[in-house]
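Letters A, B and C mark the chains as written, and numbering starts fresh at 1 in each.
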Amino acid sequence: MSAHAAVPALELSGVSVSYGQTHAITDVDLSIPQGTLAAIVGPNGAGKSSLMKAVLGLTSATGDVKVLGKRAAAGRHLVAYVPQRRSVDWDFPATVLDVVLMGLYRELRWWRRIGRGERDRAMQALAEVGMADLARRQITKLSGGQQQRVFLARALVQDADLYLLDEPLAGVDAPSEAALMATLRNLVASGRTVVAVHHDLSTLQAHFDWLAFIHRKVIAAGPLTECLTLENLRSTYGTQLLAVPAVWEATHA
Amino acid sequence: MPDLLAFLGDPTVLIVGAGAVLLGGVAGGLGAFAVLRRQSLLGDAMAHAALPGVVVGYLVSGERSAGPILAGALVSGLAAGLAALHLSRLPRIKSDAALGVSLSLGFALGVVLLTRVQGSAGGHQAGLEAYLFGQAAATLRGDLLWLAGAVVLCTATMVVAWRPAKLTTFDREYAAASQVRVRLVDALLTGVLALTIVLGLRMVGVVLMAALVVAPAVAARQWSSSLLGMVLGGAAIGAGSALSGALISASAPGLATGPLIVVVASAVAGVALLTSRRESQRA
Amino acid sequence: MPNKDSRATIPPSAGRAWRLLWLALVLSGAGFAQPPLQVVATTAMVGDVAKAVAGECAVVVTLMGPGTDPHLYRASASDVAALAAADVILYSGLGLEGRLATALTELGKRVTTAAVAELAVPKGERLVHPSGVADPHAWLSAAAWAGTARVIAELLATELTARAPDGASDCVEGLAERAAAYEQRVLALHDWAKATLASVPRERRVLVTAHDAFHYFGRAYDVEVVGIQGLSTDSEAAVADVRRVADLVVTRGVRALFVESTIDPRTVLAVLDAVASRGGTAVLGPELYGDAMGVEGSSAGTYLGMLVSNVTVITRALGGEVLPLPTSVAEWVTILPAASSGEGAK
């Protein structure tokens, strides 16, 4: 992989997304290097999900998006997506294993049955997130943290190079949070890249090593130690975050 | 006993029964998707909105032959369904409101056209009212061929599109991100549902067809642990209810078949809900 | 007097609006000493008799065209205008024109309105269904309908006399003459129908139709009538009905089942299917004229022609022999050798 080490995992150039008259994000330039655990933060309505959708090709965007130097479909093939667990109605007849196997649908032709090999891969992914013993459980019976881990396992079976997660730790209990972060760190350790929209400023420093502040455009981006400054916080959150000083202290405890 | 055998062997009973099984099976199976996608009303909207197409089909072809009438029903029902889907994607209107509008508008238009046709010269128009509640007893052998064909078509479609359909039903965002053509899948599912509904109009009628789609699926949900289980369970319950309803109504004069089928299917759904041991979903 | 065809043949393709215009033109062109009465009839069965009786003394317009179901027919705004402009309104009655009832009652206050079937058929001779509802299909019995000619003639005569007490005598006579002649023809037709249908063996003399419209016919010509669906066109035929009728058809060896021009044939087809699986050989007979007559211009487009068609078709299909028409009728209608009614000259 060292030959490609210079190529950013994710590169956005002049990316803008608008819905009718509303401009969600304007002229975003972002370059996230490989092998980082990156967080994208910003207040509500800052355009974080629009950014994510642009990368995934889910919304019409102007500008250039490259994943590991590749554009469009070729690039998107290298991406695995973990949506917010709240975006799904969990009242669905399926087991945990069923959901993880869905991660393989993209690569299987419709006539190919799901066999031993596929099941093994899925079980392995479940083991990674610590859910292997719950493989046969109905998903209606999962806790929030368990749901999130299942989603992550589903992404893991894709064996992607870039993992995009939308608020993966929101409403997740402590054990699940620990399991999730452990898995993400393992991914990064093996050379992959993780980019997560993150909601909780107080845990930034604990979990991530790279940071991008977004508020309709990029306010600041870079390694976390350089980027996480009081000034950047103020510029991004403005009057929204009354507790900036408190956050600052918490992150620098 | 010989009476029962004679009854069950009677060709009319067999034809009506076979039609019921085919229709109930495919409707109950597809109903799983309608229910899981929270689009139960979609089937109802398409059934009610098929009425103007029935009348226009008759007006265009000038006679009572099935082809143009059912083609018209398919076009108007499908148009209403797709319109409702499109409307619900717009920011200001939720899907239930969009479906409600489609349903009422379509049905009202149909009734206006129907009464207009009845009052006009040109004749041959009586019998269009049979589409409101169906006329199961008038099921002919030719109808069975159409139903069987539809079952084959719907099954083949679902087999090929199974994984995309499952994925879009469970997690639409993830499906889109996985390069699944979500809108195409939507249209496909709506299409097979519309086909089923149109073929069911002559047996069960416009007003009640939706119940045959929804009730078996609701029942099956209580007892299934996988999507395939729910689809097959729905098909079985749908076929069984339809057959029971048809047989019961055939056994005595004065019992309307279509409504009776729906009563049986709804009763099964009611029992399933009452005896369900599923816990309520955790937050 | 201007040589006008007072039967006022309306071009077949004309709609109601054009009829109104035609009426206006006729009115404006009239230069009679006694202008002809403007008569509007609801059904063609009433209108045809009225035309035969009216001669030059009245202009008759019919509201309902061929194939229209009179049970369901609603008056449009132009219909009401035509009705209001008329001197006399003739309708069938006995509950046939159900959805015109309010309009007819209202108009009855201003215009002379008469239910000819109710006037022609005395209460004691009317047929009533078990549910208590009157059967309005009296025209299907020639004997019952024959009386309408005289009823209409008297009505028109009274009306003409009321308008022009001195100058009406010619018309009054003419009306009475034409009515008597027409009645004779209809009664001759009745005898012919009875004799023709008698040629079908009693066993097989069963008329199976989708619903019960032919009881007057059945009583007049000694034919057993079976309606699959029952009285109303609204009710659904049940599987039990289909089986019951199929059994009857096979047991009695009935050769044909019939559909009226205004009914969906599927129920009858279902019965035929059931008959075939029981080894029976019944077929679908040609269309019958029940609630409406045939297309204007064809002989089934007249009252006489309609009855001749029904009787011919039923007799042939059930295995009987059609007798030649009596001379008084033969001038007006002919029977084609094929299984369809003849194209008669008039």
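FYI, contacts are C-beta pairs under 8 Å (C-beta built on N, C-alpha and C of every residue); 3 or more make two chains touch, one makes a residue touch a chain.
If you're wondering where the values come from, they're calculated on a predicted model, not measured in any experiment.
Student: Through how few touching steps can chain A be joined to chain C?
Tutor: 2
Student: Please state which pair of chains has more C-beta contact pairs than any other pair.
Tutor: B-C
Student: Using the mean of all protein Cα atoms as the middle point, what chain has its own Cα mean nearest that point?
Tutor: If we average C-alpha coordinates per chain, B lands closest to the whole-structure average.
Student: Chain A to chain C: how many Å between their CA centres?
Tutor: Taking the mean C-alpha position of each chain, the two centres sit 80 Å apart.
Student: Would you mind pulling out the distance in Å between where the CA atoms of chain B average out and where those of chain C do?
Tutor: Distance between chain centres: 42 Å.
Student: What residues of chain C sit close enough to touch chain B in their complex?
Tutor: Within the complex, chain C contacts chain B at residues 15, 64-69, 72-74, 76, 233-234, 236-244, 246, 261-267, 269-270, 273-274, 277-278, 292.
Student: Could you pull out which chain B residues touch chain A in their complex?
Tutor: Interface residues on the chain B side: 36, 38, 159-164, 166-167, 169-174, 176-180, 221, 224-227, 229-230, 278-279, 281-283.
Student: Of all residues in chain A, which touch chain B in the complex?
Tutor: Touching chain B from chain A are residues 56-58, 73, 76, 79, 81, 83, 87-95, 98-99, 102, 105-106, 108, 110, 138, 140-144, 154.
Student: Which residues of chain B touch chain C once you look at their complex with the stated criterion?
Tutor: That would be residues 10-13, 15-16, 64, 115, 118-130, 133-141, 246, 249-258 of chain B.
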